[in-house]
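So, here's a batch of structures to check.
Next, two complexes with chain A in common: one pairs it with chain B, the other with chain C.
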Partner chain A sequence: MPVKRLYFWQPNVGVTLTTQIFNLLCKCIEDANGIKECRLKANIVQYRPILKDENQRMDIVREFLGISFEEQPDKHLFVIRSHRLVMESDSNLPSIFDKLQSYRKAITLNFEGFQYKFGDFQLKVFKVSQSETLKAVVMEVEYLPVSSLEKTRALMDEFFEIWQELLSSKTPSGHIFNIDPNFADYHLSDHYSWQHTAVLYSSAMAQAMSTRN
Partner chain B sequence: MMQQQPSPNIASPSTSFLSPRSSPLFAASLDQENPNTPYEYKPGDNNNNYVQYQQESEEKENEKQAPPKQVAQAMERLAQAGRLVAQFRMGGDRFTEALFTGLSLKQRDPDTDKVTVQLIASEEASMRNCLEELRTLGMTLEASGVMIGALQRLQESPSWGLHMPLVCPDGAVVAYAWKRQLAGQAAASAVDRTRLALKAFTDQKRRFFPHLEEHTLGNDSDGEIHSTKRPCTSLLGIRNRKQDIVNESDQELSLSDVLKCVDADAPAMKISIYQRLEWFKKASSLALKGNSFLELSKQEQSQPLAKLGTQTGGQTISGSVPLDQISVLDVYVPSVFRAIISLTPAGSTIPDAVAFFSPDEVGSYMHARGVSIHNIYQQMSKYGEKVLQYFVRVRPQSSLDLLLRWLNTYQSLFTKPCSKCERILAMDQVSALLLPPVIRPHQDLLLHKNPSSVLTTNAKDPSTDVEKAFHVGCLVEEEYIL
Partner chain C sequence: MMKPKVESKECIVQGIIETQHVEALEVLLQGLCGVQKEKLKVHELLLKSGSNLGTSSEVRLLCSLEQPEPVWTVAHIGGALKGAASDQVSALVRNREDSRVSSNALRFFYALGYKLDHELLRVGFAFHIQRTVRITVSVTSVHKIPKLHAIDEAVPVTPGLQLVEVSAPSTSDTYHEAVAAISSFSEFLAPLLHLSKPGVTTGVVSTASGAAGSLMSRGSSKGALS
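Right after this comes the complex of A and B.
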């Protein structure tokens, strides 16, 4: 699977996040001859256990994240950040949770945006919102030809620098930074996979939740 | 000598030339003196000296020799004249070649003016020499009376439009060449007979055994099967000097030698061998299943190259692809690229196409003339075609070896910055794409004496290698033109 990186827009102190930055990002990509392809949706749900019995509290996880992408309906990923676990599951597992009444959806973040083709790169720009409140703007960058993280590290770093420069010249209200989780903690290999994506997005969510507007 | 009346219609073969009525040779006296001191041939002698000496000595001897000797001498001189004519024709050939070489050298490097002028001048001088010799020889022949009366003889004895006398390649003098052929005497000399026999044999072989013909490509110096003209060897010296190619590395290697060599020196590059149809089936089946080559390698092992070493002189490798049917090479550098090379004819070391793909790409379009869906590999494929044509043109015997060594330089495709702008990503103005440096210079590969030294240097110590990389837009045209 092609390698991906996630850029998180960090507004400066005192500046409120609006959809303006989302529009600006889209415009930048279009000006650079990126080709708009389609709309995208995804969501991350934070699950919390429904405790029926006091004794259960000790040995179960407090929370975990479930990630799904609209363009991959048969893929569902779960991340337990506290235990550094990530796994793929069947797509009907959330409905099983509902039926079993074992876990409830505590927080849901919706990702909405567009996909662009930019040479050998595929760019996705998302507005991250929690029940109509804009929480963050993120950009996913995918380099299609190669799947090795190590080999593409320098290349992706340079790409990030290019975009950082471009955006800082367009607007002074903030900057992008690269979300770079430590994949080794999750026992993930150099070959990029959906599990890596899940870890990326879970980090993004954590970042989004920590910046409270 | 006998008095013979030459017949008005037919001049008999043996006497028309020697007719006493018109040949002054027989009018000469028969006195003989002691033979002159023999002429010692020194290797550095110009032909002119020898001819001059002959001329002088013969003028003295003319009156002294018996007619048969004079005839023999005349025949010898005529033969020499024939040789000079042939030399002149070859000289014309070489002159044309010198012009073409000069032109191509000039296109490549404008500083070669002196060399080309020298070359052309030397060919012109040698042709002029030939003409001079021919002229001198002609004068000698005329002096000895060979030419006298030839025109009258021709006019006097109308011979139904056929010109006589005809001197055959083996020296016999006849009126009509076809007469000899009819009599079965046409190839009277052993050389001619052998040559005719060989021609008949090759014609038959070509008719009845067409599949054997491909093995004889390049081996036949006769030029019958070989369709391209081989340049004269003296001109090659100029080309080699100019490009600084070391001839000792230009030995002909077999396919298995090349693969073993590369396997040993570039362990990061994995080469798999296939028959042509086998490759297409594999590519299509993977595309249908949606697997990747990575998953496939876990399920089944592709032909490991170690098996190549176990063959004991037979054609086949144990249980896998026969050596003479290998036509597709799959060169895989993990996480960097996959290159497909096609060999024509099968089992040879002559590549005819190369294409690059992503290491994870699958599709039935993946073959040596296919196009990748990624821009970076498309650019590499375009450049690769040019480089391949260059190698095949300049060093055909080791073109596969050179190509594989050149592919090996791409291991650093995503990690080595451009030697000019020192960045990895750069915007290509033509295609408006951000691309890493996809150009790897290939001329340097030809300069190395030992082919394997380049590979070992790159594989073991990438920090000290001198290989350069360029973006398409950063390539300096004057330095690296094809």
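Right after this comes the complex of A and C.
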């Protein structure tokens, strides 16, 4: 699977996040001859335990995340960030969790946006919303020819710098930063996979939820 | 395309057979199904939710050890048909949903507060045959595991007997068809064993020895039995 990176738009202090930055990112890609391919969605659900006694100390996780990507309908991914654990499953495991009734869906973040072909890259720009509230804007960058994280590091760093400079010249209202989790903590290898992607997006969710909008 | 959400069920009958007659059963099934058997070696772990966690629940983790790489599945086996609806059918009909998972599923469920209740090893084989539904016949020896995860030290619970299960998947709307299919198929196995709802006590059948002898002397008999 090709290597991906995820850029997170960070508005400056005091600046309200709006869909303007989403539109700006899309326009930048289109102006640079990126070809819009399709609309795309993804979804992250935060699960929290249903406890009989909230006061009783429990040696269990406070939350875990369930992640689905529209382009992989047969697959679902789960991340426990506190344990650095990512698990892959068939798409029906959430249905099993519904039946177990040991965990409930607490927060849902919807990712909606567009996919672009951009030379050897595939770009996605997403608005990230919780119900009707815009929580974040992210951009996924996928380098199609190569699956090795190490081999693509320099190229992906350079690509990021180009986009960082481009956006800073277009708007002073914020900046993008590269979401860069330590995949080794999750026991993930150099060969990129959907589990790596799940870790990227779970980090984006944590960032989005920590940002006041 | 996302799969539509349906309530998945499992219809199942089971019986026991003496280990000495398993080879004859295999010959019979080979003839009926016309396909190669699938070897089974499944490490089954029953996990139960911790005492403070929601409604009491359990899941099974199944690790299939016959493939080059272990294949893990989460199985949720839920409530069975009860009362009058159950009385009308000759098989157990229960909710069942399986999901393939990556190999760290046990660590995942431990982190969620699930505890290992018990584990066992099932060793044997299965045949699959498509009738109106896909029927699976499994013949397994159930092994207990004396020390945590020590599957190499597993010993049969009943050395002289093996468990035979005939099952088929269905939904809430189609289970009558599935029950009819497995009941019909089970009749072919009647000379060797009696199959019924799990929980209904049956023993080995008196005709088993004679039937087994006949099957073994004829060898593989595809044409005569299909």
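One rule holds for everything that comes next: the second predicted complex is superposed on the first by the 206 of 213 C-alpha atoms of A that agree within 3 Å, B and C clash if a C-alpha of one lies under 4 Å from a C-alpha of the other, contacts with A are read in each partner's own complex, and residues count from 1 in each chain.
Methods note: contacts are C-beta pairs under 8 Å (C-beta built on N, C-alpha and C of every residue); 3 or more make two chains touch, one makes a residue touch a chain.
Only a predicted model underlies this, so the values are computations on that prediction, with no experimental measurement involved.
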Overlay on chain A: chain C relative to chain B, clash or fit
fit
Once the structures are superposed on A, label A:38 by its partner contacts, choosing first (chain B), second (chain C), both or neither.
neither
Just to be sure I read the superposition right, which of the two partners does A:102 touch: chain B = first, chain C = second, or both, or neither?
second
In the superposed arrangement, does A:148 touch chain B (first), chain C (second), both or neither?
first
Looking at chain A, does chain C or chain B touch more of its residues?
C
For A:121, select first, second, both or neither according to whether it touches chain B, chain C, the two together, or no partner.
first
On the A-aligned overlay, A:184 touches which partner chain: chain B = first, chain C = second, or both, or neither?
neither
Does the superposition put A:159 against chain B (first), chain C (second), both, or neither?
first
Name the contact category of A:15: first (chain B only), second (chain C only), both, or neither.
neither
What is the C-alpha-centre angle with chain A at the apex and chain B, chain C at the ends, nearest 10 degrees?
90
Chain B to chain C: minimum CA distance in the overlay, Å?
9
Common ground on chain A, meaning residues reached by chain C in one complex and by chain B in the other
none
Chain B to chain A touching residues, read off their complex
334-336, 358-360, 374-377, 414-415, 417, 423-425, 431-436
In the complex formed with chain A, which residues of chain C make contact?
1-3, 5, 49-55, 57, 59, 74, 76, 78, 95, 97, 99-102, 104-105, 107-108, 111-114
Where on chain A is chain B touching in the complex?
1-2, 33, 118-121, 144-148, 150-152, 154-155, 158-159, 162, 190-191
So, in the complex, the side of chain A touching chain C is made of residues 49-53, 56, 58-61, 64, 73, 78, 80, 83, 85-93, 95-96, 99-103, 195
